[in-house]
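One chain, chain A, links the two complexes that follow: it is found with chain B in the first and with chain C in the second.
Right, the complex of A and B next:
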């Protein structure tokens, strides 16, 4: 399979008190349209990832809101939701829409406006991505769920508290070179270990922040892409899997089986394997998330994620640089936008347009997780 | 385009205080699986329409919840949302998933659990399908928006209060023969006109109810379908369009341009026109909704919807029976499930399996609207 990426655009990630939800989407979309060199009338459909417009901004039906605000009516516009994997789902639907022959040029995007409500309400809304009846209603939050995964990973595999911190240190360092990142602050392992405890063993600097932001891409069929560019980046693999919504129902607490299942499908479709991947954006909503991700994606053996991080394999210049954008931790995590923002970063890397954070790669991967692992979406992108 | 419908299933529509959200989905899904004669392991993906799990049951990420509860993990599961058109969007994504070559057999479904919260909160949640900033925040509700459409339609085209009532009378009569309908109560024009005023000119019996329910279909590629049946019903057309989210931003208040735009695409893909349609399920969330629908779909001329209803064109035995199931008005309107439930009814009609409400038709149409017309989805189904 080959679907071309014609253009990409992101807003700055952070607190956008003076931009509305739809303004954020339109800003990212406009950048992607300009980057693609397409005209509004070339666009045939919109697929938007959004986790909880209904609770963050009291607005469902955001698909029509966005099409309307962007001046793109009457083209079809659909919202995809899979908690923090909503963006990845939108990307996958856009790919399917093109490969089905329904559309030749589509917008895929993601957007979330999380700072318009009180932070305790934000935490409660994020907890709706967990199982309401078995987890959230009983007081479990996302830091709590990931803390359980971290503690069990430490117990089973000897992963250290410091190794968790090193994920955050690396991603903050990477974000220093990403002008659109929410944080531009280099941190040390000591800073992480001194930061306030959130859910033992996870501390504040192990956790991704609350973020407003949007990201968009213009995708096209291979034939149609030739009108606009000689050397597009191609999406060559897409995988998606589901798993038990509740952490306690998984086969193993520190293993996100949806990740390995989604990766298997994506590798198969692309005809690639973990060894072919030169750069990856993975779902580090919490530091432990990146460690279990690089294991689930096959970059390192099960249980080796902490040690691999300490050895620098995932750093800039390492064997497989991970989260060159700064990741969810330091770039920010506007939940519905994250899956698209990951693919934007990989596109820039493969184009050689990633500025000071540029790495050398021909094949890249994105990995987007919903909840504590109930959904995972993996995409593989390649140079043309 | 041809995608086969292998099986269909619905729950009874109504107040389900003893069934959970996911139980409803699994009940409808199990019926569809049995009807299709497929095995769980044949299923490759789930697309679920749901408007507001986040607000009705404090649960986003319902896609994973459903896959989990149904025992269908690790297959991919995605939620589509477009307000009351969510089910229609899920159906369309399932069609695309098959035509893209990604999947051969998929579940498309819709589900909503609306009675777990207070009815005033339900009204507020439904209003999130309108424009929050320009409509809902200012106190506008859905009966109010459709009342404006009704009043303007009466003004512009001479549609009468009695003609609106006749939609409801017809749909309640049809529901008498649908065992899964929420209401089994024949009503008269007089009953409608004496029912409590909700938003002038719309009265209680002009409005669809608050409903719990789910509906599912098993779709398959044409080749794969042959393993299971000699004579499937085929989906041969799919259309979707967006329009201004706010009623005041439309070109004309009593015209849902998203309907005519979606219909044009669906007719084009199917190679059919309005005259070919022998049975239709349309979005009668309010009585005026059915009148503007039959105009937008081209069954009657613009402005003639009221008179056509009075003449009996849309009754059982009329030129084009509309809402043989009882429609949203009398069958019930679990918002995320409605778009799928419509296609279930048309499938039953085309199979000749609609019991006492059977009509004679080779081609059927479904028409699902989000909000006051910000989204519309139209599908065309045919005998094989």
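Right, the complex of A and C next:
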């Protein structure tokens, strides 16, 4: 399979008190359209990832809102929701729309406006990604679920508290070179270990922040892409998998089976394997998330994620640089936008347009998780 | 949580009632309306868990959601019940630093949360550490 990426655009990630939900989307979309060199009339459909317009801005039906404000009516606009994996679902929907032959040029995007409500309300909204009746109702929090995974990983595999912190330290260092990142602050392992406890063993600096932002891409069929560019980046693999909504219903905690199942499909479609991947953006909503991601994606053996992080395999210049953008931790995590923003970063890396954070790679991967692992989406991108 | 939504689950929340598939023998908690293993061949019957299990993993919550702020720090765990199902619950009546993976626990009946100052008070299961239930 080959779907061309014609253009990409992101807003700066952070607290955008001056910008609305639709303004953020229009900004990212306009950048992607200009980057692609397409015209509004070339666009045939919009797929947008958004976790919770309903709770964050009290607005459902955001698909029409976006088409309207982007000046793209009457083309069809659809919203995809899979908690923090909503953006990945939108990307995959766009890919499938093109591969099916139904559309030739589409917009895929993601947007979340999280700072219009109080942070306690944001925390509650994020907790709706967990099972409301049998996890959250009983007092479980969203960071708490990842803390359960972290504790089990430390118990079963000897992963250390310091190794978890090293994920955060690395991603903050990477974000220093990403002008669109929420944080430009280098941190140390000591800073992480001194930060306030959220859900033992996870501390504040193990957790991704509350972020406003949007990201967009223009995708096209291989044939139509030739009208606009000689050397597009191609999406060559796509995989998606579901698992139990409740963490307790997964028998092999901390294995995130949705990740490995989605990865298997994406590798198969691309005809690639973990050893071919030169750069990856993975779902580090919490530091343990990156460790179980690099295991589930097959970059390292199960249980080795902590030690591999300590050895520097995932750093800039390592065997497989992970989260060169700063990841969810330091670039920011506007939940619905994240899956698209990951693919934007990998596109920039493969184009050689990633500036100071550029790595040498021909094949890249994105990995987007919803909730504690009920949904996972993996995409593989390659140079033309 | 609305009254009907809580009321629907009352048997499970008060008495740990799940379901057992008479086709494959698997037990599920909370109840499901379809056995994921047998699908159309499955036949589910009510099944009450005895209330004993062991800690699979746990965390100590320091930043709680609305309604739990006055309980922090409190322990939340995934518990594997003797009959097989795993569930999420609070471990109460303990010093959070005592809890270890593998410890034996037993269900207790406790207040879970309340809907504001005038709403419903929700009761349900929590767990306590069993004496001599040291980590394996």
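Operating definition for what follows: the second predicted complex is superposed on the first by the 384 of 384 C-alpha atoms of A that agree within 3 Å, B and C clash if a C-alpha of one lies under 4 Å from a C-alpha of the other, contacts with A are read in each partner's own complex, and residues count from 1 in each chain.
One rule holds in what follows: a contact is a pair of C-beta atoms (placed from the backbone, for glycine too) under 8 Å apart; a residue touches a chain by one contact, two chains touch by 3 or more.
It should be emphasised that the depicted structure is a prediction, and the values quoted were computed from it without experimental measurement.
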Exercise for review: Examine A:371 and indicate which partner it touches, taking first as chain B and second as chain C; both and neither are also allowed.
Suggested key: first
**Study point:** Contacts of A:82 with chain B and chain C, given as first, second, both or neither
**Key:** first
Check your understanding: Is A:136 in contact with chain B, with chain C, with both, or with neither (first, second, both, neither)?
Key -> both
Review point. Thinking of the overlay built on chain A, is A:144 touched by chain B (first), by chain C (second), by both, or by neither?
Key: second
Practice item. Could you tell me if A:196 is touching chain B, chain C, both of them or neither one (first, second, both, neither)? Key: second
Exercise for review: Report the partner of chain A that touches more of its residues: chain B or chain C.
Suggested key: B
Review point. A:249 contacts which: chain B (first), chain C (second), both, neither?
Key: both
Check your understanding: Touch check for A:301: first (chain B), second (chain C), both, or neither?
Key -> neither
Check your understanding: Can A:227 be said to touch chain B (first), chain C (second), both, or neither?
Key -> neither
Review point. Looking at the overlay, what does A:155 touch: chain B (first), chain C (second), both, or neither?
Key: second
Point to revise | Residues of chain A contacting chain B in one complex and chain C in the other | key: 133, 136-137, 246, 249
Check your understanding: Which residues, counting only chain C, touch chain A once they are in their complex?
Key -> 1, 5, 9, 30, 56-66, 68, 71, 73-74, 76-79, 86-90, 96, 101, 112-113, 122, 124
Exercise for review: Spell out the residues on chain B that touch chain A in their complex, using ranges where they run on.
Suggested key: 20, 45-46, 51-55, 57-61, 63-65, 67-68, 72-83, 89, 92-93, 95-102, 125, 128-133, 136-137, 238, 240-246, 249, 257-258, 261-262, 370-371, 374-375
Check your understanding: Any idea which chain A residues touch chain C in the complex?
Key -> 120, 123-124, 127, 133-141, 143-144, 147-149, 151-152, 155, 196-202, 246-249, 251, 253-254
